[in-house]
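What follows is chain A paired twice: with chain B in the first complex and chain C in the second.
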Partner chain A sequence: MAVNYVPSTLDEALLLRKDRKAIPLAGGTDIMVQGKRGLGLAPQLDRPVMIISHLKDELGGIRKDEDGSVVIGAIATAAEIASSDIVPWHVRMAASGMGAIALRNSATIGGNIGNASPKGDLPQPLILLDAEVVLISFDGERRMLLDDFIKGSKTTDLHDDEIIASIVIPPHEFTYSYYRKIGMRKANAISKLSLSAAATIKDGLVVDFRASSGAAGPKVIRSREAESMIIRRPVEDIEGIVPDFLEAWDHAISPHAMPRYRRNTTSRMLTRFLEAIVNGEPEGIVR
Partner chain B sequence: MPLTGIDDKVVRVDAEAKARGEARYVSDYVLPDMLYACMVRSSVPRARITGIHLPELPEGYYFISAKDIPENGRNELWMIAKDWRCFADGDVRYVGETIGLLVGKDRNILRYLQDNTRIDYEEGVPAVTIDDAIALKGGPIVGEDNVMCSLFCEKGRPMKDVFNEADSVFEETIETGFQEHVHLETNGALITEEDGRYVIYASAQCPFYIRKSVAGLLGISPEDIIIRQTTTGGAFGGKEHFPDVLCGPLLVAESVIHKPIKLIFDRSEDMLYSVKRHPSKTIFRTALDKEGNILGIEGTIYYNCGAYLSASYVVLQRGVFHANGVYDFPATYLKGVGVATNTFPSDAFRGFGAPQTLFAIETHLDHIARRFGFDPAEYKSRYFIKKGGETVTNGHIIEEVKLPEMLSRLAEASDYYRKAEEYGIGSGRGIGISFYNHGGAFTGNGEQAIIKAHARLVKEGKRVRIEVGSTEMGQGFQTALRKIAANTLGIEMEDVDYPNPDTSLVPDSGPTAASRSTMIVGKIVEECAKEMKERWDEGDFSVEKEYVHPEGHPWDQDTFRGDAYLGYGWGAAVVEVEVDRITNEVNTVGIWSCHDIGHAIDELIVHGQVNGGIIQSLGYAAMEKMENRNGHFRQESMSDYVIPTSMDFPKQEWSLVDNPYQWGPQGAKGMGELVFNGADAAYVDAVERALGITVTKIPIPPEDIEEALENA
Partner chain C sequence: MHRQIEFRVNGNKVVYSGDPLTRLVDVLRDDLRLTGVKEGCGEGECGACSIIKDGRLVTSCIIPVGACLGSDILTIEGIRDTEKGRCIVEAFRDGGAVQCGFCIPGMVMAAYVLLSSNPAPTDEEIRVAISGNICRCTGYDLIVESIRLAAERGGALWQ
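So, the complex of A and B:
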C-alpha cells in the first residue's frame, strides 16, 4: 500500500511532490475512480497521493488581474467557476454542465486539466481562450499555453516535481460566442462531443475567429490553419469561404468512435456559427 | 380513526425505513466469523479450459469449484431447465461464466488471489449475435442448429393463400438491443448454517426459486435450505433467476467451509456479469390489399438467449403471444426462435419478452400507415381487438377492451390529431402514439398447473400477519398487500404485518414476477381475509388458501392454443418531441399515457409505476445502449451505460380507465410490466415523424439518428 500525505503548506506539498512523486488530489473525482479495486476495498494507486484540497489560500480562488486576465486557482471547483461572474462565458458554460451537482462541488479545474481526458469539459473552452497554465515546483514557476501543456489523451507536460497552480485566461472581447456540449443524456453525463467558437467583428472585418472541438480527437482540437482562413477577411467574403473552412476543420479533427456523427455535427455547429456572422445577427451568444 | 379505503393514497409502508437508511440490505449483514467470496470468471466467450493456476492459498482461504460438488450432487442450476452449470467445468461458454469461488476473511487478500489466478484456454470462435447463431459461427453451441427453443402459433386462413391474394407484401426487420436492469442495489447473497440447515440471505424476487434451483448441487431437498429475502433494492427481473447463480456456488462453498460467507457484486460486476434483456430481431411480412388493409401478418421472431436457456423459452412464448399487439388481424402466423450465443444468458426483464415484439409490431404498423398516407392512430384503431375477439393463440378476449376510449382521452389530452397534422413529417417536431397490452400472470394455465400458489393469514390477538413468498423489491407490494388484507378484514393497515419472506415460515405463493402478485396472490390473500373476517371471534387462528383458477380459460400448453392469459392490462402512450437539427438531440416535450389496470389498489403506487415504467421504456428506446463485442459487454459503469434522469423526460400526464377485473382483488389486474411495454414505440414514432426517417432498430441515440438521416 502506498503512503498518502496531507501537506499543511504549499511548500510542503512541493517538497512531497519532488521527493515522493506524490499525486495531488483535490476533488478526487477522477483519481478515486481510477484507483477503484472493488467492493469493500480502499482505492489503490501506483504512487502516493497528497491531499491538497485545503490549500485554498495558495491554490484556490478566482480573481481578475489589472490587465483583465482572469486567474483561476487550480483547486477552484466547477461549482465555483460556474457561479463566478468574472469567469468568461464559455468556461462558465462548460463548468455548469460538468457531471452532477455533487461532482461539481468537488471536481477542480486543476484536476480536469491534469487528467487530460479528451472528453474533459474545461480544457475545451480554455484552449479556445488561449489560456495558460501556471506550473510551480520547488525550483520555481513556468507558464505555458494549455494547448501545449496537454499533449494527448491522458498525457501532459507536467514534470514529476510540478503541480498545477493556476490557469490564466487572457482578456478578450467577442462579438459572437458559441458553446455546445452533447452528452449521453441531458444531465450528469460525459461529453459525447463539444464545440466552442468565438469571433470578433470590427468595421466589417473578422479580426478574431477561433473554435475548439472536444471529444473529437486525442485532445482538444484547434486548427490555427483553418481559423486563419477566416481571420482578417471581410464579413461578406465568409459565405464563400465556409466550404473550404469546414473541410479544413474536418481534416483537423480525428474522432475515433461514431466518426460520422461527430464530424457531421461539428460541421453543422460551425455552419450555424458562421451563418450568424454572415447574416449579421445581433451580437452575443449564438444558439 | 377511519379505516384505510382501498383507493386511499397512503405513505408506503417501507418508505420511512428506506428514507432513514434503516432498512437492512444483504451487504449490511455481518455475522460472526463471516468470510467473503469473490468469483473467478471466464475471460473468454468460448473455450476449452486447459489449466487453472492458483497462487498459493493462505490458510483459511479456499478455491471452490466443480470439484467440490459431492458425488450425489449435480453441477446444475435448476431454473426452468437444468442446463446452466453452477461452475464451468472443462469448457466455458460466455464471458463471466463462474469457474470458481475464492473464499476467505480479507477482501484485500481475495482480490490479490483473484488477480493472480490464471486460467489457460484453448479458444474457439464465439457466436455473439443472432446472425452469428443462425450462421452457426464457430460451430453450433447447442444441438445442430443453435436453436434453444422455438414455437409457433397461427390463426385464420393459411398464410400462403393470404399472400397469394395480396396486392402487395411489406417486409421489414425490426431489432432491439440488450438492456441492463440497473437496479439500485447490486446482486448479493450471504450463506450460513442454523441447526444443521443451510440458510441463505439474498436480495431476490423469488426465494422459493433459489432453494429449488440449488438443492440438487448437494443432492439435498429444497426444504433442507432456508431462504430469507433481505430488503431488495430493485430487481426488474434481474433478481428472478439470477440469484441462483450466486447462491449455488455459495451453497457448495458452505458445504465445504461451514462458516458464514458473503458474496456481493460491485456495480461493474453487476453490469458486465449479469443477465440482460434478450436482444431481438423480428421479421414481419405483411399482406396488404390495394387500400392498405391488412390481410395477414407473418412474423419470424428471433431472441438471443445467450449460452444457457434460463427462462428464455417462456420469455420467447410471451414475445410470440404479444407479437400482434392489441390488434385482431384476419390471419397470422408467428414463429419464435430462441438462439444460443456465447453471451451472458439473457433472462427476465420487466415485460418478459413482450416489449420487443410490441415495439416491432407498433413500429411496423406506423410504417405501413405512413406508406398509405393514414394517420397511425386512426389506422391502428381499425384493428383494435374487442371483447370476444380471437387472439393469436385462438383464445378469446374475455374482458371489455377500452382502447377506443383510451385513445380518445389521450388524443384530447395531448391534442394529438391537431399536432400530428400541423407538424407533418420532417418539420423537426413530431408526435407519436402507441398501443400495447400485457397478459397478466403466468402464461396459459401455469398458475393452475405449475405454481399452485398458497397464501396464509395468521391472527394473533388483534394483529394479522400475512405469510406469502411474494417479495417487496421496490414496487410497493408490501403496501398493496397489507392494504388489501386490512381493507377486507376491516382493520387498520398498521395492524397487519408482512415481513420479508422466510421459506421455512411461509407457504410458496409463487415467484414475484409476471405482474402476478397483486392479481393472483392479492386475490388469495383477499379470500383468506374474507374467511378470517367471518371467523374473527374465534381467537388466534390461521387461514391458508390455494389459488383457484377461474373457469372458462381453456389452454393447451403442448400446442399453445387457447387463452394465453387470464386477462390483460391495456395501455396507450403519446410522446411529443422536438429534435435539434444540428446535434440530433431529442427534446421530449410531452408524455401522455392512459392505462387500464382493472381497478387501482393504490393510485400513488400506480403513479410511481407508470412514471418509472415509461421512463425506463423511453431510456430503452433513446439511450440505453449495451454493446457486445466478441462476447464482451463494452459498457461497465453507470457513466457509459446511461439511464435517463428526470431532466431527460421531465413531465408526464397520466390517467387510468376503471375497468374492474372480475377475478382480481378489488378488481385489480397486473400492471408492473404493462407500463414498460409501449412508450418506446411512441417515442420512435415521434422522432421518425420529426425527421422524416425510418427507424428499425433501438436504441436511437443521436449517432444512430445520424445514420438514419443518411439513409433517409
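So, the complex of A and C:
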C-alpha cells in the first residue's frame, strides 16, 4: 500500500517527487475520485500522494508582472481565478463555469492542467492565450507552452521529478472575444463541447485571430493553419474566407463521440464569432 | 513532514495522525461522530457532504484530511444552535423544504454561506448558490422559498 505524505516545505515536496515519484494533490477533486474505494476507506493510488494544498506562499496566488503577464500559482483555485480582476476574461469565464461552488473552492488550475482531460475547462482558454506552464524540480525550472505540455488525452510532458509551479499568461488586447461552454446542465456539468475565440482589428485589418476547441479531440485544438487564413486579411475579405476557414477548422478537430453534433455546433459557434467581425459589431464580448 | 494534521472542527481542536488521504467526511462521521454530514455520491457531485472550510463551501467526500492543516471546519452541528443556523433551520421547517431530509444538511450549509455574504439574494442567486446540492425528492422550489424566508426573517442578522 502506498504511503501518503504532507510535506512541510516546497523543498520537501520536490524531494518526495524525486525520490518517491509522489503524485501532487492540491484540491483533490480529480485524484480523490480516481482513487475512490468507497465509504470509510481512504482513496488509494498506485503511487504515493503528497498533499501540497497548504504551500500557498510558494505555489499559490495570482499576480500581474511588470510586462503585463498574469502569473497564476498552480494551487490557485477556480473560485480565486473566477473572482480575480487581473485574470483575462476567457480564463475567468471558464473558471466560473467549472462544476459548482463547492468544487470551484477546491479545484486548482495546476490540477486541471496536470489531469489533462480533453474536457478540462481551463486548458482551452489558456491555450487560446498562448499561456506557458512553469515546471520546477530540484534541478531547476523549465517553461513551455501549455499547448506543447499537454500532449494528448490525460498525457503531459511532466517529468517524474517535476511539479507544476505556475501558469503565465502573456498580455493581449482583443477587439472581440468569445467563450462558450456547452454542458448537460447550467451547473455541475462536464463540458460537452467548448470554444474560445478572439480577434484584434486595426485599421480595417484583422491583425490577430485565434480560436481553441475543447472536448473536440484528444486535447485542446488550435489550428494555426486555419487561423492564418484570416490573419492579416482586410475585414471586407473575411466573409468570402469563412467557408474555407470553417472547412479547415473542421478538418483540425477530431471528436470521437457524436462527431456530427460536435462538428456542426463548433461550426455554428465560429460562424457567430466571424459574423461579428464581418458586421463590424461593437467591440467587446460576442454572444 | 507533517505527521499529524491539526485543525479545528466546530471550534474544537482535532489532531489526526492516520493516513492523510483519508476523506474528511469519514473523519467527521466515523471518528468525530458528526453524522449530520451525509455522504451521497462520494464524488463531489451531489453536495450532501457539504461543510464550510475556512469560510468556503466544500464537499468533504473529496477533501483529504491532510488538506485541512490549520483549517477551521464548520459542520451542520456547529451552526445549528447559533442564531444564524436556527434562522435557516426554522425557515426550512416552516417553508416545507424538507422531504426525505438527506440533502438538507448540505443545503443548510450552502444557504449559510450564501446569506453570510449576500443577505438579500435574488431567487436566481439562491439557485446558483445551491446548484451543487442535489435533492432527489426534487423539492427545489420549496428550498429556494425557504432560503428566501430565512433572508427575510433574519434581516439584520445576515448584515
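By definition in this document, the second predicted complex is superposed on the first by the 287 of 287 C-alpha atoms of A that agree within 3 Å, B and C clash if a C-alpha of one lies under 4 Å from a C-alpha of the other, contacts with A are read in each partner's own complex, and residues count from 1 in each chain.
Methods note: a contact is a pair of C-beta atoms (placed from the backbone, for glycine too) under 8 Å apart; a residue touches a chain by one contact, two chains touch by 3 or more.
Note that the coordinates shown come from a computational prediction; the quantities given were computed from them, not determined experimentally.
Trainee: If you stack the two complexes on chain A, which partner ends up touching A:264: first (chain B), second (chain C), both, or neither?
Mentor: A:264: touches chain B, not chain C.
Trainee: Could you figure out whether chain B or chain C reaches more residues of chain A?
Mentor: C
Trainee: Contacts for A:32 in the overlay, against chain B (first) and chain C (second): which applies, first, second, both or neither?
Mentor: The second partner, chain C, only.
Trainee: With both complexes superposed on chain A, which partner does A:40 reach: first (chain B), second (chain C), both or neither?
Mentor: both
Trainee: Go through the superposed model and pick first if A:192 touches only chain B, second if only chain C, both, or neither.
Mentor: The first partner, chain B, only.
Trainee: Which holds for A:285: it touches chain B only (first), chain C only (second), both, or neither?
Mentor: neither
Trainee: Taking the superposition as given, does A:10 touch the first partner, chain B, the second, chain C, both, or neither?
Mentor: Neither: A:10 stays clear of chain B and chain C.
Trainee: Let me test your reading of the model: by the given contact rule, A:101 touches which partner, first (chain B), second (chain C), both or neither?
Mentor: Touch status of A:101: second partner only.
Trainee: Based on the superposed arrangement, let me know which partner A:229 touches: chain B (first), chain C (second), both, or neither?
Mentor: In the superposition, A:229 contacts neither chain B nor chain C.
Trainee: Scan A:182 for contacts with chain B and chain C and give back first, second, both or neither.
Mentor: After superposing on A, A:182 lies in contact with chain B but is clear of chain C.
Trainee: Once the two structures are fitted together, what part of chain A is touched by chain B and by chain C alike?
Mentor: In chain A, positions 38-41, 186-188 sit in both the chain B and chain C interfaces.
Trainee: In the complex formed with chain A, which residues of chain B make contact?
Mentor: Interface residues on chain B, with respect to chain A: 27, 36, 38, 107-108, 111, 264-266, 581-585, 623, 639-640, 642, 644-645, 647-648, 701-703, 706-707, 710.
Trainee: Flag every residue of chain A that touches chain B in the complex, lowest number first.
Mentor: Touching chain B: residues 37-41, 180, 182, 184-190, 192-193, 258, 260-262, 264-265, 268-269, 272 of chain A.
Trainee: Can you list the residues on chain A that touch chain C in the complex?
Mentor: Of all residues in chain A, those touching chain C are 4-8, 12, 25-29, 32-33, 35-36, 38-44, 49, 51, 53-54, 79, 99-103, 105-106, 186-188.
Trainee: Per the contact definition, I'd like the list of chain C residues that touch chain A in the complex.
Mentor: For this pair, the touching residues of chain C are 1-2, 5, 18-23, 26, 30, 39, 42-45, 47, 50, 53, 56-59, 61-64, 66-67, 69-70, 110, 113, 128-129, 131-134.
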